[in-house]
Amino acid sequence: MSLAFTYALIGVGLFTMGLYALIVHAHLLRKILALNIMGSGVFMILVALAKRSGDVPDPVPHAMVITGIVVAVSATALALTLMLKLNATSGRATLVDDRQD
Amino acid sequence: MHETLSQIPWALVLILLPLVTGMLAFLWPRLAIPLGLMTAAMQILAVIGLGWQIHSTNDAAYHHAVGGWGAPLGIVLYADGLSLLMLTVTALVGLGVSIYSVEYFQREQALRFWPIWLFLLAALNALFLTADIFNLYVTLELLGLAAVTLTALAGSKAALDGAMRYLLATLLGSLCYLLGVALLYHSYGTVDISTLAERVEATPAVWAALGLMGAGLILKTALFPLHFWLPPAHASAPAPVSAILSALVIKAAFYILLRLWLTIFSPLNESAATLLGLLGGAAVLWGSLQALRQTRLKLLIAYSTVAQIGYLFLAFPLAAAAALSTWNAVAYLALSHALAKAALFLAAGNLLCFGGHDRIADFDRVVRRLPITAAALALAGVSIIGLPPSGGFIGKWLLLETALGQGRWDLVIVMLLGGLLAAAYVFKVLGHSFTEADVMHEAGAVPKIMEWSALLLAIAAVVLGFLAVPVLDWFGLGEVVGIRAVSS
Amino acid sequence: MSDQSKQGISNDPAQIAALVRVLIALLVTGLGVVLAYVILSLPSVAVGLSQVVNVHLQQSGVTNPVTAVLLNFRGYDTLLEMVVLLLALMGVWALGGAAHFHDDAPGPVLNTLARLLVPVLIMVAAYLLWVGAHAPGGAFQAGSVLGAAGVLLLLAGWRPPIALMALPLRFVLVIGPAAFVAIALGTLVSKGQLLAYPVNNAGLLILVLEAAATVSIGVTLAALFVGGQPQDEQHK
C-alpha cells in the first residue's frame, strides 16, 4: 500500500474520530474542534490521493484544499464568536437540550 | 433595444450584482436600503431576461465557461429550466422579503441585515447557476454562513442557541458533501457535472459519494429525521429571516440533491429512490403532527415546513416511471410552497409586531384589527393545505395523479393524510384569529408595507393555481429531464 | 436526553449515556471501515487533471500549477471564497460585542518579540506573495502570515489609530474581493467572458489580484481576532 493511501486512510480516521467527538461531546468548543478535525481529515484525503499521479502531484486538489481551508477558517471564526456570545448571554457553553416536541 | 437587452449576460448579472451591491452596502451603510431594493428589483428583470435567453437557444440551456477554459479544467456556469425555476423563486421571494425588511429592521439591525442579505442572494444565484460540484460546495458554505448570521441577528439567548445548532448542522452537512466531492474527483478526475455524468458507473466510491452527499444535503434541507435544527432556528429568528430560511435556503440544498440525482447519480436512482420516498412520507406525517401540537405560530409554521419538504421527496420513487409529470409537480410544489411559506412567516412577523407575542391561543380578534394580515394567513394557508385554486393544489394534484397512475397507494394515503393534518393546523390558526383572547393586549402599530408584502406573496401563491400551463411551459422541465436521460 | 423511562433497562442516566456512546462509537467505526474500503478500492495510479493543467500552464501567466489553478483556471472559486471570508467578518461584527483590545502593557518578552518579528513577518509575506508565481506560495499563504503579524501586534498592545477604523478599514477589507469582481466585470465587458485574462498580461493581472487579496486576507484575519467592530461604528 503506497504512501498516498496510507495518508488517505489516516484522513478517514480523522474524519470518523471527529464525527464521534462532534456527536458525543456537549461543550461547544469541543464540537467546533471536532468539526475542524473532520475538515482536516477530508483535506488530507484530497491531498493524499493527489499524489497518485506520480512525481508531480495533481494541482487541482491542492487548490481545492486551499479554498477549503479558507472556508473552514471563516466558519470557525463565526462559530467561535457565536459560542462566546452565547456564553456571555447565558453563562454556559453548551446547547440547551430541551426540545419542544 | 431588444438586441442589446438580449446580449446582456443576465445569468452573470444575477451573480455579480448582489456581490457588488453587498460590498457597497458594507462600505456605505447609508446606501444599504436603496441598494438592497434595487438589487431585488433587478433580480426579477434578470430572471425574465435569462428565461428569454434560454428559450432562444437550441438546447434550452445557457452555458458560460468562466475564464474561457471550459470543463474539466475550468468552471462552467449553466442554466436550464430547473435553474430558472429556482432563480425565479429566489427573485420573487427575495423581492417580497426585501420590501418587508425595509420596515421590519430598525437602525442597528438594518445596517447589519442588508449587506449579509445581499451576499445571501448572491450565494443563492451562484448556487443555481453553477455546474461544478466543488463550486457548489463554496456557494453552499457562503449560503450557510450568511443564513446563520441572519438567524442570530436578534441576539437573544434563544436566537444564539438556534443559530449555533444551525451552524453546527450546516457545517457537518458541508463536510460530508465535500468528502463526497473528494471521492468523486479521485475516481473520475473531474468535478464538472456533465463530464462526471458521462463517466460515472455504480462503483463503491460512487455509492459512498451518494451516501455522503445525500446525507449532507438531507441534513441541510431539514428532511426527517435530520430536521432537528430547523424549529429552534426559526423560533427566534426575525420573521423575514425565517421566510428566507424556509422558502429559499432549504430549497437550495434540495435543488443540489435533485440536480445530482438527475445527472451524476442517475445509475443509482432506483435503489436509493425508495429510501428517499420513505423519509419523505415520514416527514409529511411527523411534521404535520408536530405542527398540530404547537402553541406558538412560528414553530407551527416551522414544522409545517418539515412536512412540506417531505412532499418534495415523495416524488423520487415516482420519477422513474413518469419523469415529466413528477418533476413538474415538484416544481409547482417548490414554487408555491416558497411563496406561501414566506407569506406565512411575514404574517407571523406582523402578528408578533402587533401583539408582542405569537401564542396562537392568545390571538386577539386579528381578523378585525389586521385584516390584510389575516387575509395573507388565509390565502397562504389555502396553498399549504392544497385547496383549489392555488399553486399548492396544482402541485399536490399532479403528484397525487402520478401516484395513482402508478398504483402507489401508500404514497396516496400519506398525501391525503398530510392534507388533512395541514387543514387541521391551518384552521387552528385561522380559528383563533377570529376570536377574542382572554386577556386584552395593547396593540403595536404594524407598518402597511409589512402587511401588504405578506399579502402579495400569498396572492402570488394562489394566482399560480390559475397559471399552471404557461408557467410549466416557461420552465420547460421536459428539456431538463430529456437531456439528462439522453446524455448519461 | 430527557426521556429516561426506558423499560427493561436500568434508569441510571449515566449507564444509558455510556450505552449510547458505545452505540455511536460502533456506528462511527462502521462508517470508518466502509470509507476505508471505498478509498482502497480507488485505482492506485490516477492522473486526474494534472496533464490538462500542464498543457495549459503556459497560457496561464504563472509557472506554479497550483497558483495557475487557483487564480486562473478556477479563479471563480477563489472569488467566491474571498467573499466567504469577508462575510465571516461581517457576521462576527453583526453579532455585536465590543472589540477586544488589550489594555495592559505587554511584558518585555512579548514587547521585544513583537518588535523583532513583525517586520520579518511582513517581509516574509511579501516574499511569499512574489514567489507564488513560480513556487509554492501566493496570496493565501502571504495573507495568513500578514494576519499573524497583525495578531502579534494586537497582542503586544498596539491599537490602530481611531481615524482609520471606519471607512478606511472597510476599504482595506473589501479590496480583495472587490478587485476580483472588478476584473471579472472588466473581462466581461471587454471580452464577453468572465475572468478571461488576456494571455500577455495574465501574469501581471494575477499579481495584482494576489496583492489585493493578501492585504485583504491579512487584515480580515487580524480583525477576526479582534472579534468586534471598532467602537467608531456603534453610533449609526
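Each chain carries a letter (A, B and C) given by its place in the written order, and its residues are counted from 1.
Everything below uses one rule, namely that contacts are C-beta pairs under 8 Å (C-beta built on N, C-alpha and C of every residue); 3 or more make two chains touch, one makes a residue touch a chain.
The model shown is predicted, which means the values in this text are computed figures rather than measured ones.
Distances from each chain's CA mean to the overall CA mean are smallest for chain B. Looking at which of A-B and B-C shares more C-beta pairs in contact, the answer is the pair B-C.
Inter-chain centre distance (subunit A to subunit C, centres taken as mean C-alpha positions): 14 Å. Separating the centre of subunit B from that of subunit C, both taken as means of CA atoms, is a distance of 29 Å. Subunit A has residues 15, 45, 49-50, 52, 60-61, 64, 67, 71, 74-75, 78, 82, 85, 99 in contact with two or more other chains.
For subunit C, residues that reach two or more other chains under the stated contact definition are 35, 39, 42, 46-49, 53, 74, 77, 81, 84, 87-88, 91, 95-96.
The set of subunit B residues touching two or more other chains comprises 134, 138, 141, 145, 148-149, 152, 155, 179, 185-186. Contact residues of subunit A toward subunit B in the complex are 15, 22, 28, 31, 35, 38-39, 42, 45-46, 49-50, 52, 60-61, 64, 67-68, 71, 74-75, 78-79, 82-83, 85-86, 89-90, 95-96, 99-101.
Subunit B makes touch with subunit A in their complex at residues 134, 137-138, 141, 144-145, 148-149, 152, 155-157, 160-161, 163-165, 167-168, 171-172, 175, 178-179, 182, 185-186, 191, 228, 231, 290, 293-294, 299.
Subunit A makes touch with subunit C in their complex at residues 1-2, 5, 8-9, 12-13, 15-16, 19-20, 23-24, 45, 49-50, 52-54, 56-64, 66-67, 69-71, 73-75, 77-78, 81-82, 84-85, 88, 97-99. Residues 9, 12, 16, 19-20, 23, 26-30, 64-69, 72-75, 77, 107-108, 111-112, 115-116, 119, 122, 126, 134-135, 138-139, 141-142, 145-146, 148-149, 152-153, 155, 179, 183, 185-187, 189-190, 203-205, 207-208 of subunit B are the ones that touch subunit C when the two sit in their complex. Contacts from subunit C toward subunit B in the complex involve residues 34-35, 37-39, 41-42, 46-49, 52-53, 56, 72-77, 80-81, 83-84, 86-88, 90-91, 93-96, 167, 170-171, 174, 177-178, 181, 184-185, 188, 191-197, 236.
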